[in-house]
């Protein structure tokens, strides 16, 4: 059965800025989705959803039909309705995977799942970034042979990144300007698997990069649901253990 | 310098139920505070705050003057104002320790810090509980010599406990009726240290128990602030690294 | 491509004790292997190896051809040659999965990978054990619908279990006699994934149990290698970063 | 009661190389010890031990009288007797803190405690290192106000560092030449706390640096023993739970 992926994009920059449109003419979501299709082929079915759609394109039935949700947001985090955030949150706890990209660190859904501020340092200088793999053997990086890969021009995201200690640290980034960043982190919340992956930018062609695409495909495979139904409600167990 | 502790209690049961008043005539907070004073003596200064006070007894200056906040709530989680929750949350991220007790698992502040539902199984059967220490060498249990301690009559709290994987697991509880529980868990959020400790009940004399009091004292010591100031804001670092 | 599993057994009890032979006439390894074949069918190819074979049945080419090694040892840990332990250790760091069963907690290979004593409490009373799932959504327990499963007659293994804090805690066991145990734990070592699973006994029919078999199958799937080649050697990198 | 610290040094380079003697005329251990005394004053009593002493200066009574052992080794790891390694190992599991410095990553004791190869990349280019604090609020960095500190000339140690996932990641280092490193890591083993801290070199004056000294002092405070006696032996518990 293919992994059912939904790529969510706030889809604003692409309509208002020519420099963004040049890199992502159909929207960032279209390039992320194309990368997943390219890497996963028949192993995934990929669709997208955007802020301007009814219920931001994420009504109940779409979420119920989604195994892994990718989240790109940047300038309009506050425009995302709390009701939709509640719904995405509930689905993550139920088992839906969530891959939060780049500026999504400040999204309502990521901050709610983390319980911290999620802020960081940043610098838009198109500088060199090296992503070091520090969890060899992790399924997300199963397709990599080298110790690191590089992005020639990247937005710097630097520590201190105000997140809880991640369950697994997969990537640490090095930036030419002097910073480091925990750029690939996993978190388990309820039955859901959450992966934060830092690279991404609206005018750098990050999601066209072959290595980035391999990471996103690995993340989709890893975050797909597994395991028992989520136990969300309080349960008053009146009867103690009966004899065998 | 003494650790400045504030014990918060919703303080409702004690006013309305005779069975609770019998065990906690001055309020649960008074017994928790007495236990801390007994164990920590001059190493701590302890005060309390309750739901019915203005701003629930937790205005800015009280929180600013608190190193470790203990939290007892049960029947009135929803009556806690969101503004106060915001304030406590911000102080935890800044470095204030937080010790969440028993039914506080369902409090607004704990659920916000965890990002999950925090629900669990429970049974009020006054059954036997054994708390096994699984993090030997942890400062919270520095005062214990044995592998476990017992509570003869306890409310069962059982797995699955819907929390993120704790940073450190200090206690696992065994219950006569067939359940286990991660009953002592630490979490780091921002600069703040959070400890969840499960034992407690409004009619069982849990906070009169000598071992429970030793755990609470260890928790106060461990959760007291340390480390660098918290970096909460996003920081746009325009200039890259200057040469040495 | 099927997962290549090798089940290792010291295979002594079965030859000398009639009570063991009654439950495991062909050896414990045969029943473990049969369970894996039953659960994984064509997704795994399963063979076995035993202490009395040359190089304990684990020469280089067998290990090189193994994705996941299951380890059963009990009475003869010290008879396992250090050279074979070195070889298994190296293969785990390279990426081979290792599933350590029951009394394998005291094996040379497990103790070497953990760096601790790995001792525990135990009691042979055929008592009731309940295994609670505390990592919902973990691939190892993907086939379970309930919060726990039971073994009617089990050997008690109890805390304190002298292991490093596990990377992931999947099961906590409850025993009728008053103990708890971290009975399903994962550890990452080098590129290899290690799973310790506590149930098992030479005269209780644990490996005939359907739920135990489902866990072992989940463990085989989870522990199969993934990720980049292991970087085992020190690397003197003479040249610093060249310009882009 | 002061923390009883023993600083161990293999003490070879200082005798044979003039360039090392220039920076550490009395031995690296003398400068590390002086830094601890400077920072901790009466809160610690500090002595040293070296490879050339009987039993490498670490007979039973010295270890029994040590709360925290600092370990510096570089060129002579293989000359450390296994019997002394066994003894240090046993004391760590019992509760003695261990702070492993720089090239001690390849020492017998560290590799035994980790269970992995512990190898890494390195480059002796006297390049700039920035140590980013990623665990704000951790006691080891309680004395720091800034997000990072720098060493102008340092030996590069880079990922992949072949260690188990640390329990807590306190520092990530950035190097001018393009590498990152998990340069401050904690590990719990038995009752003992282990801290690996990467900076250090025999000809760079790293242990004269004020910030490095503050880290070492914080490590001594943090690693000092606490908690219940270590449970090292297997325990056959014949009797199940007696009724209350």
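The chains carry the letters A, B, C and D, assigned in the order they are written, with residues numbered from 1 in each.
Operating definition for what follows: contacts are C-beta pairs under 8 Å (C-beta built on N, C-alpha and C of every residue); 3 or more make two chains touch, one makes a residue touch a chain.
None of these values were measured; they are calculated from a predicted model.
Counting only chains that touch, the fewest steps needed to get from chain A to chain D is 1.
The greatest centre-to-centre distance from chain D, using averaged C-alpha positions, is reached by A.
By number of C-beta pairs in contact, B-D leads over the other of B-C and B-D.
A straight line joining the Cα centres of chain B and chain D is 33 Å long. Look at where the CA atoms of chain B average out and do the same for chain C: the two points lie 37 Å apart.
Shown for chain D are the residues that touch two or more other chains, namely 121, 133, 135-136, 147, 158, 160, 165, 167-168, 178-179, 188, 190, 230-231.
Contacts from chain A toward chain B in the complex involve residues 93, 106, 112-117, 119-123, 125, 127, 156, 158, 160, 162, 164-165, 167, 176-179, 187-190, 230-238, 240-241. Listing the residues of chain B that touch chain C in their complex gives 121, 130, 132-136, 147-148, 158-161, 165, 168-169, 172-175, 178-180, 182.
Residues of chain D touching chain B in their complex: 95, 128, 133, 135-139, 141-142, 144-147, 152, 167-168, 188, 190-193, 225-231, 244.
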